[in-house]
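The following pair of complexes shares a single chain, chain A, combined with chain B in the former and chain C in the latter.
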Partner chain A sequence: MIIPLLKVTNLSKSYDNIVGCKNISMSLYPGEVLGIVGESGSGKTTLINCLSGNLEPDRGKIIFNINNKETDFLNISESEKRKFIRTDLAFVHQNPRDGLRLNVSAGGNIGEKLMSVGYRHYGNIRSLATKWVNKVEIDKSRIDDLPITFSGGMLQRLQIAKNLITSPNVIFMDEPTGGLDVSVQARVLDLIRSLVNELNLTVIIVSHDLAVIRLLADKMIVMKNGTVIESGLSDQVLEDPQQEYTQLLVSSVLHV
Partner chain B sequence: MRKTNNVIKIKDFKVDKGLPFDQEYNFAYLDENTKKMIRRAIIKALCIPGYQVPFASREMPMPYGWGTGGVQVTASCLTKRDTLKIIDQGADDTTNAVSIRNFFKKTSNIKTTEITEKATLIQTRHRIPETPLKKKQIFVYQVPIPEPLAFLEPKVSETIKMHSLSEYGAMHVKLYEDISKNGHIETAYAYPVKTNDRYIMDPSPIPKFDNPKMNNSPAIQLFGAGREQRIYAIPPYTKVKSLDFEDYPFDPFKAEHACDICGSKNTYLDEIIVDDAGNKSFICSDTDFCNKRKNK
Partner chain C sequence: MIKVKKVNKSFTLFNQNNAKITVFKNLNFEVNPGEIVALKGPSGIGKSSILKMIYGSYIIDKGAIIINNKNIATLSAQEILKLRKTSIGYVSQFLKVIPRISALDVIMEPLLNSGDNKNNAYKKSIKLLKDLNIEKNLWHLSPLTFSGGEQQRINIARGFIKDLPYLLLDEPTASLDSRNRDIIINLIKAKSNRGVSIIGIFHDEYSRKKLNVREIDLNIETKH
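Let's turn to the complex of A and B:
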């Protein structure tokens, strides 16, 4: 039997009287890409923020099982939690400016992640950073340039490199193609897809764009008003939606 | 009773001897309760080497950036038996040094000296003397920005957390940037150090040439930041290590010259432009050390 990498039980989070998400239960297996869809305000971001340690949920359990070591994410000390987030998790923000230091060069941004897990050899950091800059299709002559000189697509690719360089076990992506124009979106998605296949990544990706989910996700959950209303294999959910809201969502995709 | 009006009387003003002792001030200017509060912060700082202790910094009769933190620490440590030395960029005769020395002469009437060995308490801006510090000396640094992580993380709540959990990986980013831009670590002053294998600390803007002098020093080293309201310390005989990379070790750089006055080859030098043709001269920044060598 395969043990889930991440098991969530009855997770709830509200902001005063406003429900963020309510009684969410789900599991995620190694090598799986899980898509979370739903309209604005449906609780997608609240959920992903709770799972990645950015927010403290009110109730529920989050258990990570990495290399047969169980981590009760909500009941560990702050220092253990931050270490776990640093070494085992990664978070790709919708706006790459939130995930990068704009006054630090591209190489420095990528290298920071390595230095934070203990790398102290400049040559090694530099060569790994160069390798990853190449991997995300940024010209390596740009490695010492500041991110403010990069285009939106390049910034997002840089943020992805920064997050993947330490081989995290779970990667969270919050609308990774949100602010990009369509052709750049396609390129970034293509990159994510090839990295997912090549490195066998485990990813939770939040998006309201069903095309993104269809392209990347093995499984998906549909959220509305803070609860999960439908879940399953993404092909199955997208081809044969059961809930009224999911049907509406699927039928509202524009076909050009 | 005399009026408690502390205006300086012009007729008493003698530039060469400093200001006369004014007995209407409490000893060393600060009131005793403030000194007690600052001493408590200092004791806490000595117990946790490199840890920044907040304290209720007072308004001082000088602008922020002129050593208000250092002056408060000095005032709190000063006793009537002390001999005080004040240096600014290594020199005893520069504006900041002269004004602070006069301030303590006026408010505490203690002995002052320019000779490092004779001083029991030394307040400094930007240098550690070339003459090694010794046991029972207190060495006070003036600190403009106490937080070494400030350039990376502007949120104080976050830097406090980073210190408490020793999350210092990002600290090397600055050094990485230096090497990738210049091929070597360009940071020449305020070079970050790790104190007692625990806290990362800003040594104040001393040249990195002076960093090794902090390591295992027999003197008590105190750091005061007035505007930022922080005191931190290095107790005697504490390990202080400058950050570096395995393949780019720390290098205490100095100009490749000998002093043009005393001929010293292993002291920190000031570069001085001497004419309009761009000719320059290198002289010791530590005036006391240079004078002593010259007179030998």
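Let's turn to the complex of A and C:
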């Protein structure tokens, strides 16, 4: 029996009297990609913010099990939590400007991430950063340029490089292709997919685009009003949805 | 061996006045190793549904589907993912892939995902592309720009690249000319000779005959 990398039990978070997410339970196994779908306000972002340590939930349990080491995420000290977030988790924002420092060079953005987990040798940092800039298909001649000179698609790829360079164990992505035009979207999707396969990444991805979920995620959950109303294999949920709301969601997709 | 036991399947369409469509009541059949079973019946009778139930894409209402002594109906999502990876190949009717990924990468992916090394995956894929008569200048292009028949063959290559004991084929010989159809038929035969259990939907009499299939007539199996 494989132990889940992440096990969430009865997680709840409200904002005063408004429900963010309620009684969420789920498991994620190593190498799996989990998609979270639902309309705006359904609690998708609240959920991944709780799981990634950006928000403090009101109730529930979040247990990470990484290399046979169990971390009770909501019951560790603040310093342990900061360290865990830095070394084991990564968060790719919808807007790359939220995950990058625009007045620091592309290489610097990646380099400071490495330094945050203990890299000190400048030559190593530089060569690793160059390798990753290359991996996300940014020309290495741009490594000393400021991100403000980059296009939206390049910025997103830079943000992905910055997040993956430290080999985190769980990667959260909030609408990673949301703000990009479709041709750029395909390129970022392709990049994410190839990195997932190559590095056997464990990913939780929020998207309202069912096609993105279908192509990237092994499993998915559907949220409505803060709760999970349906979950299962992505192809199963999309092809044989059992809930009224999921059926509506799937049947509302336009096909070109 | 695949055992389909007393399976009921229906769809409830909540957004269309809760219409309930019953597809199967008490469906039973078995497929032995090395056997090729062809599902027969008019469109809409549930041929593709059977493949999807076995693959775990459709949830059954009642009954059991046994593969490798495991009942698909009671497995968790990750257990089904594992079973698919190790045992079940599925060739869907249409190719679904991310734009921009080359045909070669599309075919190599299932092997790389199960930990095969790149060199080996590359060699196997190239051989299959050659066997399937896909022109060399297409190998590094995205199959989304290919013709229907070429896409179909890439889809088959992706489903056939691994040695799996079960194969589900949704109209693998549709949209192919006679020469390419014969190539596919020979590939399917070769799988069957190696003991693979195959369930397929074959629209043409020619393919069914050449493959020496056992037909399951859903008109008879599903009278309800």
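Going forward, the second predicted complex is superposed on the first by the 256 of 256 C-alpha atoms of A that agree within 3 Å, B and C clash if a C-alpha of one lies under 4 Å from a C-alpha of the other, contacts with A are read in each partner's own complex, and residues count from 1 in each chain.
The definition used in the following text is that a contact is a pair of C-beta atoms (placed from the backbone, for glycine too) under 8 Å apart; a residue touches a chain by one contact, two chains touch by 3 or more.
Computed from a predicted structure; not experimentally measured.
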{"item": "Partner chain(s) touched by A:R82 [first = chain B, second = chain C, both, neither]", "value": "first"}
{"item": "First, second, both or neither for A:S116, with chain B first and chain C second", "value": "first"}
{"item": "Which of chain B and chain C A:D144 touches, first, second, both or neither", "value": "first"}
{"item": "A:I3 touches, of chain B and chain C: first, second, both or neither?", "value": "neither"}
{"item": "Which of chain B and chain C A:V253 touches, first, second, both or neither", "value": "neither"}
{"item": "Chain A positions touched by chain B in one structure and by chain C in the second", "value": "none"}
{"item": "Sites on chain C touched by chain A in the complex", "value": "11, 13-15, 52, 56-59, 77-78, 80-81, 96-101, 109, 112-113"}
{"item": "Chain C contact footprint on chain A (complex, rising order)", "value": "2, 29, 32, 186-187, 189-190, 193, 197, 214-215, 218-219, 231-233, 235-236, 239-240, 242-244, 247-248, 251"}
{"item": "Chain B residues touching chain A - in the complex, by the definition given at the top", "value": "152, 165, 167, 169-173, 176-177, 179-181, 245-248"}
{"item": "Chain A residues within the chain B interface of the complex", "value": "78-79, 82, 86, 101, 104-105, 107-108, 111-112, 115-118, 120-123, 125-126, 143-144"}
